[in-house]
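Each remark here refers to the structure printed beneath this line.
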Amino acid sequence: MKIGFIGLGAMGHPMAKRLLKAGHALVVYNRTAAKADDLVAQGAVVGATPAAVAHDVDIVFSMLLDDAATQDATFGPNGIAAGLPPHAVHVCCSTISLAQARRLRDGHAERGQTYVSASVLGRPPAAEAGELFVMAAGQADVLDRLEPALQCFGPKIFRVGEDPVQANLVKLSLNFMIYSTIEQMAEVFALNEKAGTDPHTIFEIMTGSFYNAPVHKNYGKLMVDQEYDHPGAPVTLGLKDVGMFMNAGGDYGVPLPYASVVRDRLLSAISAGDAERDFVVIQERVRQESGLKQDSKK
Amino acid sequence: MKIGFIGLGAMGHPMAKRLLKAGHALVVYNRTAAKADDLVAQGAVVGATPAAVAHDVDIVFSMLLDDAATQDATFGPNGIAAGLPPHAVHVCCSTISLAQARRLRDGHAERGQTYVSASVLGRPPAAEAGELFVMAAGQADVLDRLEPALQCFGPKIFRVGEDPVQANLVKLSLNFMIYSTIEQMAEVFALNEKAGTDPHTIFEIMTGSFYNAPVHKNYGKLMVDQEYDHPGAPVTLGLKDVGMFMNAGGDYGVPLPYASVVRDRLLSAISAGDAERDFVVIQERVRQESGLKQDSKK
Amino acid sequence: MKIGFIGLGAMGHPMAKRLLKAGHALVVYNRTAAKADDLVAQGAVVGATPAAVAHDVDIVFSMLLDDAATQDATFGPNGIAAGLPPHAVHVCCSTISLAQARRLRDGHAERGQTYVSASVLGRPPAAEAGELFVMAAGQADVLDRLEPALQCFGPKIFRVGEDPVQANLVKLSLNFMIYSTIEQMAEVFALNEKAGTDPHTIFEIMTGSFYNAPVHKNYGKLMVDQEYDHPGAPVTLGLKDVGMFMNAGGDYGVPLPYASVVRDRLLSAISAGDAERDFVVIQERVRQESGLKQDSKK
Amino acid sequence: MKIGFIGLGAMGHPMAKRLLKAGHALVVYNRTAAKADDLVAQGAVVGATPAAVAHDVDIVFSMLLDDAATQDATFGPNGIAAGLPPHAVHVCCSTISLAQARRLRDGHAERGQTYVSASVLGRPPAAEAGELFVMAAGQADVLDRLEPALQCFGPKIFRVGEDPVQANLVKLSLNFMIYSTIEQMAEVFALNEKAGTDPHTIFEIMTGSFYNAPVHKNYGKLMVDQEYDHPGAPVTLGLKDVGMFMNAGGDYGVPLPYASVVRDRLLSAISAGDAERDFVVIQERVRQESGLKQDSKK
């Protein structure tokens, strides 16, 4: 299969590389062209515009930063939609709002084009290793065709439904569960610390008993080590994520009290000057409210 | 070692049996004496009162329903404290409030007696199989002495600290995390269902990716199957648990917004007539608020 | 003074009429021209477009439904900005988001035009009677010039600050306080009703003691009478209002837990089929959660 | 009428004085006897014990600090119940929990004694001036008999119902509304301050428009002046109050999300070292979360 890839950022670049390694002919596009250099050295071809890439392939993936970048690369001048032929399919992997997901679905439908959503879960090292989780939604026969390409990203491909927007909501939901688990652990760590118990002990008990999922292990570890400055995702990204999740609640009339609590933590972290630190820093808000000593690394 | 066991309920009975099977000499006491019959058939001896049991052993475990039962069996007439000799130790395994945990600690101390807390995590089948998690707190040398007995309950014994109360708070914390994870999943299930996605699909994605701890698998399964009437723990027990956790927050000045949300769900479930159903039924409150069809099994 | 007025809806029409009655020369514009008929009969002149109105006057008021209508009437083709002369001023009275408020402020500034915000508090009968509260923000000398016109709307004109956006936030804040007071009273009414006390009795005690503001009297009365279908503002408007308030919290990093609770009530009311009923109907969500009998008028 | 009064604290003393001034024969009791000196100088008689007071009068009021003091003075040795004759009535004015209110009701009923609850709203200066609000609950004919005595406390006597406990819940509810209004105003003040608007301006607009109840005026003023150390009620009292209100919610299965938010503020204030300052200091928690400058008077 001939595959196009738009967006070679921290996630897109290793995903594109996985496709190339699997033997697919790859045409890439990135606003900053230099990001494609090593892929070209391995056999990829650079397209002049998203439209040019789309025109030339069977599948075009997009993995861009946000709603605006996705909208621009899809329906802007020389965007994917301007080039996508009838037999090809646009697969959006970005984490975007449901409103933007609907714009993609409807905009391609108006043009008689084929579109599916394939959200991915995992951080860059997982993308590198082909260990992302893929949540795909769209027409079943289209997803069938995509299967060999999607398997380059990770062994587990979950099919969510026929409406592409469903996959976007699952992705927002899974992200919310990270923040929510952090809040839950933060309340437990703070209370036990006030009673004299080292959070590391609580962490060992959690992860040694019923709370041993990666979400507990990975984020719990960062929390008990007060490790807020490793190269992770910042508070501002968390706020965007939770905001999109809450907007989805607004669309469907679903109250989300836990999401509201998390949003308030993120806002408070920003007011405390932690906007650009890893979002696990929201734990410090729980600590402050509890009268516990604040993180000294800042 | 000669071991006493007070309280042969759903958890206490299999725990006592594990001690017996491991070859310990066992003296038991239960308000309803018949509960001891099969243990006696296997070699256990019945004590006339908690005091009589305590008088006769090296270690006396208590595993009782709540604060009141524990207080009565310990400091009431013919209670454990009335019989406990200087060389022996009282080990409380019950889930009790911090206020009661302090009464046990201080009451024994006043009498010059030795006391530790060893909270256990797990349901009756795990007790039967010797697969409970044990969280112990007290003097280190006393815990050393208890090690062989505690290992009968489960392979993992976590030491929390020197103050017995710390173990009780850890237990309340772990219970809170169950309710809290249910709320978190309930919000996600309801929102995705409103967007057209079957909660079973979300459950598979969760447990197939980063949310694969027993707490997700066990409770998530009950939730997506709307299985609210299996022989589990009722809403009223959940309310007691979360109330004790919030009271601990009150003791230490720790705000617990997630616990408050869960408490409100439990209260609402009671008002909806679900007081005696399994506490996962709080999911129905999230469903109702979201305008989703209500459980029809009631 | 020669005054223009754009938007003759439920609020705008009586406000324009007050200006006319006070002897000001009035030029009006409304998308549905017929709404201006009675004003014309009383001496007003109809402008062909917002630009034409603005071109001809000293002050142009706009009182439109929402962000989109305001943006269109201001910066759209033949909008206010296309006609506003250097000596004149655009006064926006609409309840709009802070984002839109900034667009107005900045868009006019870029064009070297004068702009202030004058949000109004009160329902249509108060507009009719000239008893609105006016919250104005902008350059002090411009507000001085506007004073005689603003006094037609109500006797109390509060000056909030130099930045027009400040007045918009005050308006969103005061609206939030209505919803928030409803929630607070709803919790009290429901709890006391469950204890056997008629909410009407509670209402009398509240309004006869420390809780005797119009917000308690007016909304409390609707609540205890379960009067959800009078010609007031619908749940959907409440959701828009609270959403704009929460977005302001997002802009400034201010956690707003009470606003989050109210948002969830409004969403739940929509899911219960009450989207178009008066927003006091959110009380029914509190009643339902509490197991109280539901409103039968629906 | 011959009237007894037990408890001559900050509220009880001026209330007793009002009865005396109105010409009633008064018998008083206070643990610290000296508190009665000036009343004796004005004609009151001191009883040796609560039982002795109760034995001698037609009505015995009690106005004590809390549950424990009330229980002790009523059912303890030489308590009111030990002396109360069949024709007399015990009127409890204290702010107590519903559990304690039930103990009073049921304890007196078991003894064939007459008991009503008459909670009062207002601070000491209002008690001095006879301007308290009285919420009374009990048998109607008993309340009729009490009317002349209750009118000494304030002109407005609200009858809540036949069950004395109802009056206690109304009192807890009205107290909750104070804390809740503080939270609501705190969110508004903080957000507007971050947008550049002086809270004093917001306060003027509130109290000059729809938010002009004493609760807005009195507490709002303290808030914008950051006046946290005047001789008011401390955070710890607020926590007790809100705790009793939430326990009432627990009794009746009523979720109270606003009360939970307030409880968390109070806990956080205690952790910040403000336990003994006036409870309006919870505003500082909102300010801190918002990144606003903290109160410097501490």
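We call the chains A, B, C and D, going by the order they appear; numbering starts again at 1 in every chain.
One rule holds in what follows: a contact is a pair of C-beta atoms (placed from the backbone, for glycine too) under 8 Å apart; a residue touches a chain by one contact, two chains touch by 3 or more.
Computed from a prediction, not measured in an experiment: that's the story for all the values here.
Participant: With respect to inter-chain C-beta contacts, which pair, B-D or B-C, contains the greater number?
Facilitator: More contacting C-beta pairs are found at B-D.
Participant: Do the two copies chain A and chain D share over half of their interface residue numbers, or under half; same or different?
Facilitator: Same: most residue numbers at the chain A-chain D interface appear in both copies.
Participant: Based on the averaged CA atom positions, which chain is farthest from chain D?
Facilitator: That would be chain A.
Participant: Could you please state the distance in Å, as a whole number, between where the Cα atoms of chain A are centred and where those of chain B are centred?
Facilitator: Computed from C-alpha means, the inter-chain centre distance equals 38 Å.
Participant: Would you mind pulling out the distance in Å between where the CA atoms of chain B average out and where those of chain C do?
Facilitator: It comes to 53 Å between the two C-alpha centres.
Participant: Taking each chain's centre as the mean of its CA atoms, how far is chain B from chain D in angstrom?
Facilitator: Computed value for the inter-centroid distance: 38 Å.
Participant: For chain D, write out the residues touching at least two other chains, lowest number first.
Facilitator: Correct list: 249, 252-257, 261, 264, 267-268, 270-271, 289-291.
Participant: Give the list of chain C residues in touch with chain B in this complex.
Facilitator: On the chain C side, the touching residues are 257, 264, 267-268, 270-273, 285, 288-291.
Participant: Residues of chain C touching chain A in their complex?
Facilitator: Listed in rising order, the residues are 239, 243, 249-250, 253-257, 260-261, 263-265, 267-268, 270-271.
Participant: Would you mind writing out the residues of chain A in touch with chain B in their complex?
Facilitator: Counting only chain A, the residues touching chain B are 98, 121, 133, 135, 156, 158-161, 163, 165-166, 169-170, 173-174, 176-178, 180-181, 183-185, 187-188, 190-192, 194-197, 201-202, 204-206, 208-216, 245, 248-249, 252-259, 261, 286, 289-291.
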